[in-house]
Amino acid sequence: MITSRLPRSASVWRPLLVPTIMLLTWDVGVTVAFQLHWFEFPGITIQYTLYGTAIALFLGFMVNAGYARWWEARTLWGSIVNHSRNVAREATTLLDPTVPNARRELGPDMVRAQIAYVHSLRTSLRQQDPPPEIDRYLSRDAAVRVKNASSGPTATLTHLGRLLAEARRRGMIDDFARVQVESTLSVLTDAQGGLERIKKTPLPVQYRLLPSFFARTFCIILPFAVYQDLQWWTPIGSGLVGMMFLLAVQVGKDLADPFSDDVHDVPMTAISRTIEIDLLEMIGADAPGPVNPVGQVLW
Amino acid sequence: MITSRLPRSASVWRPLLVPTIMLLTWDVGVTVAFQLHWFEFPGITIQYTLYGTAIALFLGFMVNAGYARWWEARTLWGSIVNHSRNVAREATTLLDPTVPNARRELGPDMVRAQIAYVHSLRTSLRQQDPPPEIDRYLSRDAAVRVKNASSGPTATLTHLGRLLAEARRRGMIDDFARVQVESTLSVLTDAQGGLERIKKTPLPVQYRLLPSFFARTFCIILPFAVYQDLQWWTPIGSGLVGMMFLLAVQVGKDLADPFSDDVHDVPMTAISRTIEIDLLEMIGADAPGPVNPVGQVLW
Amino acid sequence: MITSRLPRSASVWRPLLVPTIMLLTWDVGVTVAFQLHWFEFPGITIQYTLYGTAIALFLGFMVNAGYARWWEARTLWGSIVNHSRNVAREATTLLDPTVPNARRELGPDMVRAQIAYVHSLRTSLRQQDPPPEIDRYLSRDAAVRVKNASSGPTATLTHLGRLLAEARRRGMIDDFARVQVESTLSVLTDAQGGLERIKKTPLPVQYRLLPSFFARTFCIILPFAVYQDLQWWTPIGSGLVGMMFLLAVQVGKDLADPFSDDVHDVPMTAISRTIEIDLLEMIGADAPGPVNPVGQVLW
Amino acid sequence: MITSRLPRSASVWRPLLVPTIMLLTWDVGVTVAFQLHWFEFPGITIQYTLYGTAIALFLGFMVNAGYARWWEARTLWGSIVNHSRNVAREATTLLDPTVPNARRELGPDMVRAQIAYVHSLRTSLRQQDPPPEIDRYLSRDAAVRVKNASSGPTATLTHLGRLLAEARRRGMIDDFARVQVESTLSVLTDAQGGLERIKKTPLPVQYRLLPSFFARTFCIILPFAVYQDLQWWTPIGSGLVGMMFLLAVQVGKDLADPFSDDVHDVPMTAISRTIEIDLLEMIGADAPGPVNPVGQVLW
Amino acid sequence: MITSRLPRSASVWRPLLVPTIMLLTWDVGVTVAFQLHWFEFPGITIQYTLYGTAIALFLGFMVNAGYARWWEARTLWGSIVNHSRNVAREATTLLDPTVPNARRELGPDMVRAQIAYVHSLRTSLRQQDPPPEIDRYLSRDAAVRVKNASSGPTATLTHLGRLLAEARRRGMIDDFARVQVESTLSVLTDAQGGLERIKKTPLPVQYRLLPSFFARTFCIILPFAVYQDLQWWTPIGSGLVGMMFLLAVQVGKDLADPFSDDVHDVPMTAISRTIEIDLLEMIGADAPGPVNPVGQVLW
C-alpha cells in the first residue's frame, strides 16, 4: 500500500513507463504523418465519443469490481486482526495454569501459534516460502509439519486445535470456554476462506481482457480522430485522454489482485507485524518494531 | 473458469465467431452499397449517440446483475468449502471412538459422506448424472438412495444426519457437540439453497432479452450512421463499436448463469476436488491429485 | 416468472401493445405533418441529447431499485424454502413419539401445518382468497381460525407454535430442542416480515411517477428532434429509441412489484409446491406433481 | 408515504409550485429579451451538455444515497414490527401465570409496554410530543417517567426490562427464557439505534448543498444555451429539462430524511397502529381500526 | 459534521478559497490573452466532452467510495453507542452487589470505564492526546496504564475485562451472564477494529491522486476549449464547470477520511458525550451537558 500523497517510489511509476512512451510515440508519429500529408483521413469526431462512452462502461465495471475485491480483502484481514486478539485474550484468560495437571506454557504456546498463523497466511497468499516466524514461534515438530503441509495456514490452525485439545485433556479449560475458543477459530477459518477465494478466483477473463483491449484500441485510433481539431496539439490532447483510460485499466488490475506482492497490495506484512507486537505484549514477551514504509510503500 | 491471461482455447472464442462474421459481413455490405450509390441516406450522427447511451444503460444493468450473481455463486461455494472442513474437523474431534458401544468407522464415514455431498451438489447444479464419487464414498445402501432421490445433495445431507443420529444413539457424541454439528449442517443447507436459487431463477427475461435485442438492432443501423464520416473505413469503425456491445451482452449472459457447464462456470469440479483432497488427508486416506486446467479452462 | 428465452405468451406482450401503437401513430403522424409542410420547426438535436441523459439517470434509479426489490423478494423466498425444510426435519427428528404421553401424529401435523403456511403466505402476498391447502393440511378447527384471521400466515405460524407447545406439554421434546425449533420459526417470521415489507411499501411515488412521465414526454418531442436528420425514416429512428425508454420504465415497474399476480412475479406457486412435495416426501405421504410453466410462464 | 399512483393531494405538489413558477418566468423572460434583441449571445450548446453531465453525476450521488437511507429506515421499521411481535409472543407464552407468586397481568403489561414503545419511538423520530398511547398503555408511574425522560423510547424499553426483572423475581420465567426475551429487546435496541443514526446524521452538507446549487445555476443558464435552437419554443424545452433536474434534487431531499413529518415519510403512524392491533389481538383486547391514507398519503 | 443547511463558518469555505482564486485567475488570463490575439487556437469542443466524461468516471469512483467509508464509519460508531448502553445495562443488572464478597462500586466502575473507553477511542482515531476523561473515569492505576499503552482504547477494554474477572472472582456474576458481557465486549472490539481499519487504510493512491490530477488538468485546458463559443463569457462558463469538478474531488477527499479532525468528521465528540450522559444517568451520577455545534459544526 502506498502511503504518501504523491508517491515518488520508482516502483509505482515503472509499470506506467512503457505504455506512456509507446502512447506518446504513436501520437506524435500520427501527427507528423498527417502534417507531412502522408495520408488523408475523414473526421470521426462523433464516432469516437460513442466509442469512449462504451469503453467507460467497461472500465467502470472493472474498476468497481476491483475496488470491491480490494476492500473485501482488507476487511477480511481486519477480521483476522480482531480474532487473533480474541484468541490471545482467550488463551491467556480462559486457561487455568493452576490445575494439578497444567502445563504453564500452554497458553503462551497458543498465542505464539496464532502469531505463526498470521505470518503463514501472509506468505501463503503471496505464494512465498514459509516465513521464518514459523520456526521462531512454533515447536520444532509443529514447524516441520506446517512447512511440509500443502496449506501452511490450515496446518497451523490445526496445530492450534491440538493445543486446545491438550488444554482440555489436562483439565485446564472447561467445556463452555472451549466452545468459545473453537468458535473464534472457526471465524478465523471463515476469514481465511474468504481471502483464499479472492486469491484463487481472479476477475472473470472478460473483465480482465476486454477493457484492456478496447482501451488500447482506442488509444490507437484517437490521434486520427482529433487531428483535424487539434493539429500540432494532437499528441497532448490525445495523449492525455489515452493515458487516462490506460490508467483506469491499470487501477482496476492493481486493485483486483490485492495479494500479488506488488506495491498496491493490502499491507499484509505490516498487519501481521502489528498482530505479532500486540500478541507478544499480551504474554509479556519482547516484540520487534513495527514495519515502516519502504520508499513510501507499506508492504 | 478461464485461468490464462489471454485464453487460446477455441471454446472461448467459438461463441463469438458467428456474430463477428455476420457483423463484419453486414458492415462491409452496407459500405459497398453506399459506395456503389445503390441508395442515399441522410446523416444520423447524433441520433445514434443517444441510442448508444440508452443501450449502454441496459447493458450496464445486465452486466452488473450478472457479475453479482457470479460472485454470489463463488462466495456460496466458498462457504461450502469452509463448512465441509468444519464438518470433517468436528467428525474427527468431537466423536469419541473409545466408548463401549462405538463404531470406529463412523467418523470417517461422515467425512466420506461430506465428500460425496459436494460432488453430488456439483453435478446437481450442472444437471449432470450423479457422480462416481457417490459410489466411491457412500455405502451401497446410501448410494442407491441418493441416486434415486429427486435431489441428490439433499439426500446426501439427510444421510449425514442419520450418521449423526447413529453417533448419538451409540453415545459417541454429547448433546452439546451434536448441536454444533447440526448447526454446521444447517449452514451447508443454507449455502445449497442459495446456489439452487441462483440456478433456478435466471435473470428476469427483460434483462436477458432486451439488451441483446437492442444491441443487435444497433449493430444493424450503425454502418448507416457512420458511413458519411468514415467512408471506406466504415467496417472497421462500425465493427469495433458493434463488437463491443455484442461482447458486453455475451459477458452478461456468461456471468449470469455460473453453473451452465461452459467455460465461464464457477470452477466447481476443481473446488470439489480440493475439498476431497483436504478431507481425505484429515482421515489419513489416499487422495487423488488436484484438477488442472484443461486448455486453460478450470472446470 | 417467464422461463423461455423468447416468450411467445400473449400476456407478456399485451401490456406493450397499446403504448407501441400509440408511439408509432404519433411518430408517423408528426413525420407526415412535416412532409406536408403543415409547420416548420428548428432543429433541437443537442437539446434532446441532454434530455435523454437526464431521463436515463431517472430510469437507472428506477430499474436498479426495482431489480433489487425483485431479487430481495426471491432471496427471502429462498429463506422460506430452507427453513420450511428445517422445520420439517426438526419435527421428524427431534420429537420423540415413544414417550408414554405421546401423540404419534403430532410431528406429521407440524409438517402439514408448515405446508399450509407457505401456501397461505403465497395467497396472502398476492391478495387472493385463502388457498385450498388450508383445508387439506390443517385440522378443521385450525383451518377455520386461519381463514378468519386478518393475517393467514401469522395465524398458521401461531398454530404451529401451539403444536410445539403441545409437544412440550406431552414431554415429546426437551427444552434444548424446543428452543431450536422456536428459533427456526423466528427466522420464518423474519422472512415473512421482509416479504410483507416489500409488498406493502411500493417504490416511492417519485420513482414510480417521474420516469414514466418524462419518458412519455420524451417520446412526444422525439420526432420533432430527429425529423431534420431522418426525414421519412423518422418513425423508425424515433420509434426505436422511444420504445427503449418505455420498455425500461415497464421493466422497472414489473420488477418493483414482485407479488402482483402477473407474469413477472416471483414464481411463488411453483416454490410453494416444491416445498409441499419435499415435505410430504419427508413424512412418507403422497405428493402432487410439480407446477409446470403455463404458456412459458412459471407462476 | 404517498399511496396513489397519481397523487392529487395538494401537499405533494405545493413544494414544487414556487420553483416551477420561478423557472418558467425566467425562461419566458429570457426568451422575450432575446426576441426583442435586448442583447446578443453566442451559442454555448456543447458547453452545457458537459455541464449537464457533471450535474447528473452529482444528482446521481444524492438520489442514490437518499433512496438507500429511506429503504434502510423502512427495513429497520420492519425489524421493529417483527420483534415487537416476538416480544409479545414471548410475553404470552414464556411467562407462567400459575406459579404461587405470579401476577396475572404481568404478561399483558409487557405487551402493552411494547405498544407504548413503538408509538414513543414514532413521535421521538418525528420530534413530536409524547403520544397519548403512553398514558393509555403504561401505568401512571411509568408514563410519568417516560414522559420526563430525555429519550422516551429508551425509557420505555428500560420499563420493559423492569417488568422482565419482576417476572424473574416472582419466579414466572426461567433463566433460559429470560435470556431469549433479553436478546429480543437487544435487537430492538439495535434497530432503534439505526433509526436514530439516520435521524441524527443528515446527508453530508456537500451532498445536500451542491446538487441543489448547481441544478439552480443550470436552470439559469439553460435558456441562453437553447435559444438559438429553439427560438420561441425555449420556455418549453428549457423548462422541461430544468424541471427535471429540480425534481431530482427534490426527490433526493425527500427520501434522505424519512422522518421529517411530511408526505414522503416512512408511514410510521400506520406501522405503529398495525403493531398495536396485532399485539392487542394477541392478549384478547379490543383494538382500534387501522390507519387509512388521508388525501392519498399514509402517515 | 456541518449541521446547518447553508454553512457560514469560514472553516468550511477556506479550503476552497485558494483553488477558486487560482481557477478564476487562470480563466480570466486565458480569455484576455485570446482577446488580445496573443495566440490562436483551434476549437476542441468535442475533445473535451470526452475528457469530461472520463473524468466524471474517475470522480464517480472516488466520491462513491468516500461516501461508503463515511457512512460505514458512522454506522460503526452507532454500534459503539448501542453496545456501550448494553455494557452499562448489563453491568447494572447482571452484577449482584448483595453477595457476601461483593464490592458495591464494581458495577458503576465498569460503566465509568466504558465512558473512558469511548472518549479514548475518539482521541485515538483523531490522533490526539489521551482525553481528560481517562483521569476522570478511571482509577489512578488504570489511567496510568491506559495513557502509557500504545493503544489507549484496547488498554481500556482490557481494564474492563479485568473488572469483569474481578466480578467473577467475587461471585457477583454467574457464568451465563459473564459470557453475555464478554460477547458484548467482543462486538465493541469488532467495531473498534472496523474504525481503525478505515483510519489506517486510506483510499488507494490511485483513487486519491488521479481524480485530483485530471480534474486540475481539465481546469487548465477548459478555457481554451470554450473560448470560441463563449468569448468574454469564458471565465464564467469555464469557472463554473471547473469549480464543479474541483468540488467533487474535495467532497470525495473530505468524506473518505472521516476521522481527520476537520469539519467534515463524523461528530465523534458529540457522540461520545451522548454516551457519557446516557451512562452517567444510568448510574445516577451527574452528567455534563451535550455538545453543541460550534459555528454550525458539530465535532
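When the chains are written out, they are named A, B, C, D and E in that same order, and each has its own residue count from 1.
What we mean here is this: a contact is a pair of C-beta atoms (placed from the backbone, for glycine too) under 8 Å apart; a residue touches a chain by one contact, two chains touch by 3 or more.
Bear in mind that the values here come from a model prediction, so they are computed numbers and not experimental data.
Superposing the C-alpha atoms of chain D onto those of chain E requires a rotation of 70 degrees, given to the nearest 5. Per-chain CA centroids place chain B at a distance of 25 Å from chain C. Mean C-alpha positions place chain B and chain E at a centre distance of 40 Å. For chain B, the set of residues touching two or more other chains reads 45-46, 49, 53, 60. Read round the ring from chain A, going to chain E first, the chain order is A, E, D, C, B. Every residue of chain C that touches chain B in the complex is listed here, in rising order: 1-7, 12, 45-46, 48-49, 52-53, 56, 59-60, 63-64, 67, 70, 74-75, 78-79, 81-82, 85-86, 89, 93, 176, 180, 226, 229-231, 233, 237, 240-241, 244-245, 247-248, 250-251, 254-255, 264, 277-278, 281.
The touching residues of chain B, when paired with chain C in their complex, are 42-47, 49-51, 53-55, 57-58, 60-61, 65, 150-151, 154, 161, 165, 175, 179, 186, 189-190, 193-194, 196-197, 201-202, 204-210, 214, 217.
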